[in-house]
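Each of the two complexes below includes chain A, the first together with chain B, the second together with chain C.
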Partner chain A sequence: MDSGDEEASEKYRIHLRPATLRDAVPATLHLLPCEVLADRPAPVGRFFTPAIRQRPGALEVSFRGRILRGEEVVVPPSLAGYVMVMDEKAEVLAGLGKKQESRGSEKGDGEEEPQPLERDFDRFIRATASFARFHLWGLETVPGPDAKVRGALTWPSLAAAIHTQVPED
Partner chain B sequence: MDLSELERDNTGRCRLSSPVPAVCHKEPCVLGVDEAGRGPVLGPMVYAICYCPLSRLAKLKALKVADSKTLSESERERLFAKMKEDRDFVGWALDVLSPNLISTSMLGRVKYNLNSLSHDTAAGLVQYALDQGVKVTQVFVDTVGMPEKYQERLQQHFPGIEVTVKAKADALYPVVSAASICAKVARDQAVKNWQFVETLQDLDADYGSGYPNDPKTKAWLKKHVDPVFGFPQFVRFSWRTAQSILEKEAEGVTWEDSSTEDQEVPKRITSYFCPEGPRPRLPHRYFQERGLESATTL
Partner chain C sequence: PGAPPSDYLKDASKKMESGLMFVKLVNPCSGEGAIYLFDMCLQQLFEIKVFKEKHHSWFINQSVQSEGHLHFATPMDPLFLVLHYLTKADKEGKFQPLDQVVVDDLFPNCILLLKLPDLEKLLRHVTEEKEIDSKKYYKYSKEKTLKWLEKKVNQTMAALKINKINVGARVQSAAFCSADQVSSDEEEDYIRYAHGLISDYIPKELSDDLSKHLKLPEPP
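Moving on, here comes the complex of A and B:
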């Protein structure tokens, strides 16, 4: 990240549980053109998925009485999609003692210096699902090639290109 | 009535019709339009037309058709069966508008209100009869509210036909009574055999009359709210009763076209003459256009 973000990013030290990436099962995801002002599980399989219809030129469904038209977006081949969840602090603490003992053996690359975990500072994230494609929904119209998220998916390859070492002549 | 097409897919609209009696191609016909299920918060709205030759109107009258609201369910079924027996001179067609179609029309970016939807559906059915070669010369339509404007609109649409729009037409003209019976029979059957798109847990089949002021209907609505998805598609989300239950019992949702008016606080006029101070540095346009922000925390 930028140097200007250092202060804020010090709030947590994020660790990834790498094993969860290997075990992540593919999931079906839907990106809706609205915000549900809550963070909770939803019965997508009972309410939403069975209501999707294939109409000429687009998928169609409705949410809260409004019509959505959608299409499938494929994640660029060089990228992999994961649904990440941060472990609760309690889970970090519970695993704190054990983790520290086994830490040395878990890390194979040895690039990172082993540091002791701190209860308020260290957090673990893990993948709960993976995806290579997802459904993108627009309010009444298909989002199409100009959709923001399609543009966003082009950033990683551009970022890689502009950060590549240019050989000096 | 065979509603299997609707039962296969009840997310849109569905048109059903009888074969056109041969005599209706040759003789001038009178056609009635009526609807059932306009008010309820549950289930589809059904528009129906019924037509017969002017020369056979007395025979239709002899069936003792009446406003469907004054008849019991079994009387309506019996009369509809009689109309089927008289298929050599009576024809009908109907349009079932699913609650999902009603909700999505009324809650669209461009609002398509129930009156316009009704008028267009009625006009569509008259046109359908004409397209099928029915020699329509007179049209009678039941209306709610202002009949004058509606009549003017329909008359403009069908200049060659004599259009009469009248309140209580379903009680005054036998063809409209017959249409009201077709509509009501179809609506009742559609509601009774509704195929829920959703998989609902312990679904309660007793939803009362479906009218918003029926306590049973209200209780049913409250029981079947999902905090995220709201209601099953059987419910008309655009009804005030449904909306107010959602406001209380479901999570809030904001759409990209949700009004942002109250966020714009008018500034003091003098503020336009003062230096604004340092503006926050916005990310490059590339990132703004793609909705990308740098994450500093997760």
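Moving on, here comes the complex of A and C:
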């Protein structure tokens, strides 16, 4: 795992709208073993969800003609799952727009336009849904105990050990 | 989708209308930028890690998300970040007030670190300090830092054992060595693994010093 998300530049602060955490409604999530090259609405409830069958030892569904087997994974009890979406860049675009305009009209008068306030660069993110469990799918077989995502779910308990304060001598 | 600590964030959302924010700060190991979550109200720092694996996507309700990423927000010891600045400032070899140490043109949000409560208390683990006219001055101490890191390694080893993390770096064959041999090898694997985890938060040079301090054999 590596850190980060390339969205934030060094100066920006991305504020999380706290009320949205409180109001987030539980969502149904499926982690698929394939890449679907799209980010958009999809009729999951029409084609995928009704096709899920409970078989001995696993859930089963077919997607694009392949058999997927999976199971429900519960988010560790000390954590909560949130789906977050960045707000539109309205503030940022407004700031940049002004700057470019001023650049265009700069010719001749030599007057320096004031820099946009730093907070013009700040952005906002909000939780659109919450989750306490999700469906983990594998191609033909349920992802085993060594699956990377299962390892990732043990990370918070290791992180706690690394970052808890140690006693002084 | 991400999984920040649950009850904690819900409480935080009740107490205030703003104050949780993502900022880019230095990664104390690589020196590059990394995203952290700051809670300005409870004055706590969280590290953001992303689980990424090829060929994964999400269905979230009635939509598809092409990147099957899973973000984790976990509490971070701010001392690792402050240590990055202390070791840099140590090249000047003198006592300095903290606000002259934690300075960064690339990552100006580093000033948020200075607002963390109990930071002065934490600094005792890694610095010598002086007080002049009721102002505190600090100087990096390698000796103290190595002792502090050793405690971190021990604490992490305990968690690896509790969580039954497979730390085996080599295939062990009990048939060829005595029981004692097996267990001491295992112990070394745990130290090495814990040392590796801690090394993700400290500069390479310090990681090498820690390896010597822990008497870990040189890697082959």
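One rule holds for everything that comes next: the second predicted complex is superposed on the first by the 128 of 169 C-alpha atoms of A that agree within 3 Å, B and C clash if a C-alpha of one lies under 4 Å from a C-alpha of the other, contacts with A are read in each partner's own complex, and residues count from 1 in each chain.
Here is the rule we use: a contact is a pair of C-beta atoms (placed from the backbone, for glycine too) under 8 Å apart; a residue touches a chain by one contact, two chains touch by 3 or more.
It should be emphasised that the depicted structure is a prediction, and the values quoted were computed from it without experimental measurement.
When the two complexes are superposed, the chain touching more residues of chain A, out of chain B and chain C, is C. In the superposition on chain A, contact is made by A:53 with chain B only, not with chain C. Of the two partner chains placed by the overlay, only chain B lies in contact with A:62; chain C stays clear of it. In the superposed pair of complexes, A:165 makes contact with chain C only, with no contact to chain B.
When the shared chain is aligned, chain C comes close enough to touch A:156, but chain B does not.
In the superposition on chain A, contact is made by A:22 with chain C only, not with chain B. Once the two complexes are laid over each other on the shared chain, residue contacts for A:144 go to neither chain B nor chain C. Chain A residues 1-2, 5, 8-9, 11-12, 14, 33-38, 40, 42-43, 45, 48, 84, 125, 148-149, 152, 154-155 lie at the interface with chain B in one structure and with chain C in the other. Looking at the complex, you find that chain C touches chain A at residues 1-7, 9-10, 12-14, 16-24, 27, 33-35, 37, 47-66, 68, 70-72, 74-77, 106-109, 122, 124-125, 147-148, 151-152, 155-156, 158-160, 163, 165, 197-198, 201. Within the complex, the chain A residues that touch chain B are 1-2, 5, 8-9, 11-12, 14, 33-38, 40, 42-43, 45-48, 50-51, 53, 60, 62-67, 84, 86, 123, 125, 139-140, 148-149, 151-152, 154-155. The residues of chain A lying in touch with chain C in their complex are 1-5, 8-19, 21-22, 27-45, 48, 75-84, 125, 129, 131, 134, 148-149, 152, 154-169. For chain B in complex with chain A, the touching residues are 9, 11, 100, 103-104, 106-109, 197-200, 226-230, 232-233, 236-238, 242, 246, 251-257, 287, 289-292, 294-298.
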